[in-house]
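Pasting a structure here, questions to come.
We call the chains A, B, C and D, going by the order they appear; numbering starts again at 1 in every chain.
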Amino acid sequence: MHTLAVDIGGTKVAVGVCDENDTIVRSWTVPTENDADRINETIAGLYEKALESFDDIAAIGVSAAGNVKQDRRTVNFSANIPAWINYDLSGHIEDLLSKKVPVVVENDANCAGWGEYVHGAGKGSTNMVMLTVGTGLGGAIVLNGELYRGSFGMAAELGHLPMVPDGDTCGCGLRGCAERYVSGSALERFAKAAIRRRPKDATRLMELCNGNVEDLRGPMISRAAQEGDVLGLYAFNKIGEWLGRTMAAISAVLDPDLYVIGGGVIAVGDILLEPARQAYDRFLQASAYRPHAQIVAAQAGQDAGMIGAANLSVR
Amino acid sequence: MHTLAVDIGGTKVAVGVCDENDTIVRSWTVPTENDADRINETIAGLYEKALESFDDIAAIGVSAAGNVKQDRRTVNFSANIPAWINYDLSGHIEDLLSKKVPVVVENDANCAGWGEYVHGAGKGSTNMVMLTVGTGLGGAIVLNGELYRGSFGMAAELGHLPMVPDGDTCGCGLRGCAERYVSGSALERFAKAAIRRRPKDATRLMELCNGNVEDLRGPMISRAAQEGDVLGLYAFNKIGEWLGRTMAAISAVLDPDLYVIGGGVIAVGDILLEPARQAYDRFLQASAYRPHAQIVAAQAGQDAGMIGAANLSVR
Amino acid sequence: MHTLAVDIGGTKVAVGVCDENDTIVRSWTVPTENDADRINETIAGLYEKALESFDDIAAIGVSAAGNVKQDRRTVNFSANIPAWINYDLSGHIEDLLSKKVPVVVENDANCAGWGEYVHGAGKGSTNMVMLTVGTGLGGAIVLNGELYRGSFGMAAELGHLPMVPDGDTCGCGLRGCAERYVSGSALERFAKAAIRRRPKDATRLMELCNGNVEDLRGPMISRAAQEGDVLGLYAFNKIGEWLGRTMAAISAVLDPDLYVIGGGVIAVGDILLEPARQAYDRFLQASAYRPHAQIVAAQAGQDAGMIGAANLSVR
Amino acid sequence: MHTLAVDIGGTKVAVGVCDENDTIVRSWTVPTENDADRINETIAGLYEKALESFDDIAAIGVSAAGNVKQDRRTVNFSANIPAWINYDLSGHIEDLLSKKVPVVVENDANCAGWGEYVHGAGKGSTNMVMLTVGTGLGGAIVLNGELYRGSFGMAAELGHLPMVPDGDTCGCGLRGCAERYVSGSALERFAKAAIRRRPKDATRLMELCNGNVEDLRGPMISRAAQEGDVLGLYAFNKIGEWLGRTMAAISAVLDPDLYVIGGGVIAVGDILLEPARQAYDRFLQASAYRPHAQIVAAQAGQDAGMIGAANLSVR
């Protein structure tokens, strides 16, 4: 038996054929626009291509950046694709398939979290929370071996946990959401602010962005931090501190035994994790009187989302 | 079959014999000090007394104000009883019993939440959160029909959800915990501050506390609010607003379908719930694009904790 | 005797000849780039033109968007014009004049405040604070009939009064500055967030921006609010509340008898001032036990800055 | 010529005869209750006693913990003495004097600030702000050589500068006032919270308070910090950080060239001043592009208030 894993990203659709161990044995990546119909056609087309080599595809698992209903078929809404309002994504794709298989949709952060749970850093944990630190901040919750979706499919929106009343303006229309302080975008904001305030310390960062602060991007800050640059480290300390505070808030609700930190920003490893662990200790309620959750880096890599989507499609 | 329900409060121990429907058929209340040994003896004594009339007591369920480990026997620590540090409460009580039955311990807010779930406002919900607004703010989480305890028995410490960085100093040593803004104590603080700032509007509240602001207590504020007093209503609007904000934060994690609000302060009903519902709408992420949890008052009354403890003792 | 008033704005330079009552008797407006040399030449050119009709110009008063040193000649730095770092603006202009007169430079918000003090809403006050609510938030302080500049020319940077720790990111590199909550930009942010969260109430605002939220501008929000639109009024209530909080903070330092509110946003009058007055009452320390400052709209109009610059040039 | 300086404290009245250099040449201290009449009689009695040795007393300068009107005679209100509501303190004292001299009243923090300006660390400054870190946080502002009182005598209430929206509850009825974060009381709160959260590091502090956290007082924390104790230093770092943030806020309004830090807590010197200076640098707007105010410890000692009152009485 095989499954087809689909990851609908901002600019491209990645599709992979997975075996029974969720290992990707064949994969394609196709650039695409944020157009619902085009995306559906792309997926259906790649499914047909996969059928040429694999005649036992049992299901299609789709990882989508949007809120997915409890039916695991309908996208409630998405910040990226305007047409995805109360949108039967499974149905639209299934309609285009020559050979019918079920299409199971799941939120992208949930897919990544599940991927880490079954094949990555989350293996063996009881209650696991994954935080994906990318452009924004995604969340996934696995409780007693099951992905927790909430009553309406809106659980684990951890990037929108309110951390600061009247805080930084979030794209969602609220203020002070966690992802305004813990994300690649936040990393850039902290670094840019530091450059403005401490121009004498900004030589390396300015060099990396060719003297144009507006062009400063996360990977440049990561590189500077890894070289020991003081402002680069400052920016990671800030998002690390807020990551720790965010986890301390989550622990007041869920008391998990494991936090897995993923996303592009985690490439720096302990440069992010160490300040996060320290802040977690400092802001956890009753810190001195309780066992602490472990805080570790993700292991399943960039394919965690596809692996998770594949696995979930036949559960 | 019967069970014995025990509620260890700040100044008294309440004990009740419950039938198979968790109905309390006989009960005693004994004043006691915050002394661990005395409490154990009191419970054992009342158990012997209960045995005189009921020979089929299958278990003792204990509701305790403290953090209870996953073994449902050991109290990790308690703000009230100094000796309860890593304390085998079940073992100590069991040692004193002439006829051995298992003693099952659970956190008091969890007991009240479970009581509401099985016999009160929570019946029929899928994922329920209970917030007990008393002197402090307690929390309980029921997911898919099971009480959720977390990995170390520290889940649902919702009174210590961090709401305001650098906010009001909490007894736990952190700042800005939810219970500093949502609790009977918070109600008093908001009312006292309002008296100080708006002395001309304070006639009724000053009357109720006999002119001594320091003597102002929650029930006086409730009474004033129910009479329509402007400062009384102001104080409830404030804790109501923060209750709504707190629930919005919890929904970012758990996305439940029901919030049950209990504790002494809920006696005023919609005077608390209406501002809470409005703030929940205002601060919930993606408020306009998702189904909303219901927010209702508790129904099981003051005995919710005992009912819950009884029911849990034989699960 | 006449004076020449110069207002260096973001996209144009306005120049006016003022009589002894600071009345503008002749004026020119010239578009210009943010280039220091071009600006100097433009000013010198218009001065020559003014000389053709007025042979008794005693001084040139310049209103500049930047921090001006105590010498009233040097611009410390400016967010708009890169070359203005420790820049002798007076000297550069004086060098270009055929007939030498002194050039006196002052910060633009200070000029507007002084203009209001000598010829507008500030007349007769003892200690006056002006807040200019434009794209950002400017401040001016007049104490006992004198413009207060501070020890280094940096006083009255009231737009950067810190209001919210960890708050909205400011262009200055800090967080939570007052101008992030009180300004035309803040008005737009509040309105856009409200549209996102309450789409059903957003009909009128969406109409005014032709369905493109990104195109929403302050004057559209002002118009909607004046028509009674609920989201338009919401946005003004928010910046009004923060304006009141900001004034309450300033009063803890300065205890003035008058606040004058100017800038483009004040066109809506009490729609801004009423929520500001209410919040001022609510957040002023010892509000019930002290005389309150008056809070009024500016009266000197768009020329307040030039009038102020003219008057200051010969003081 | 001599003057009589009077300092009305919480539990005692101190009176001193000062010569023309404001040097105290004779002094008495009398315990007293917070009763207005008794205080007046005590002052008048000591004045008569002073007259026995000094026949050229020209005026009585009174330092009072309360808000003093611009007439320098009337106390608007006081947190300590209930009868002082709109109370003609000068008149009441003058009525009791056998030989009439003018009685000039000034707020105690203003007196201390003026004392530092004329005879202490403030000498030679242009615009000086004094912050008195005692039980609470007092403020005084000297601009261009004059004590600045504001339009209604309420200026320089710097302890009530709002620093944290929804922050720590202040006795004044507001939240987040500076003195909740910068004061001896704040020092105790930070230390107690640290003890609760880090019991293993609390050995020395627990020793100093004889094992009873509630008895921990500021001087014990000072002592521990001076010995290098980690929690003692932590508590000073916290109030130091907030002192720096408070000064950064004041600089956005006043841009002074000097901050003088006084009060009992300053006895630790750089243990408080160093974190304050660092936070000032970090939170000052345009920190890298402007001259910075100096931040120094007070020098005039405990008598600064009396010295200031004496000097002001004949100005």
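By our rule, a contact is a pair of C-beta atoms (placed from the backbone, for glycine too) under 8 Å apart; a residue touches a chain by one contact, two chains touch by 3 or more.
Model, not experiment: these values are computed from the prediction.
Common partners of subunit B and subunit C, by the touch rule above, are A, D. Counted by C-beta pairs in contact, the busier of A-D and B-D is B-D.
Centre-to-centre, using mean CA coordinates, subunit B is 44 Å away from subunit D.
Taking the mean of the C-alpha atoms as each chain's centre, subunit A and subunit B sit 35 Å apart. Averaged Cα coordinates give subunit A a centre that lies 52 Å from the centre of subunit D.
The residues of subunit B that reach two or more other chains are 164-166, 172, 174, 197, listed in rising order. Viewed as a contact network, the protein chains are fully connected, with every chain touching every other. Of all residues in subunit A, those touching subunit D in their complex are 165-166, 197-200, 282, 287-288.
Residue ranges of subunit D in contact with subunit B, taken from their complex: 164, 166-169, 171-176, 181, 189, 192-197. Subunit A makes touch with subunit B in their complex at residues 67, 76-77, 85, 126-127, 141, 143, 148-158, 160-165, 172, 174, 177, 245, 248-257, 283, 285-286, 289-291, 293.
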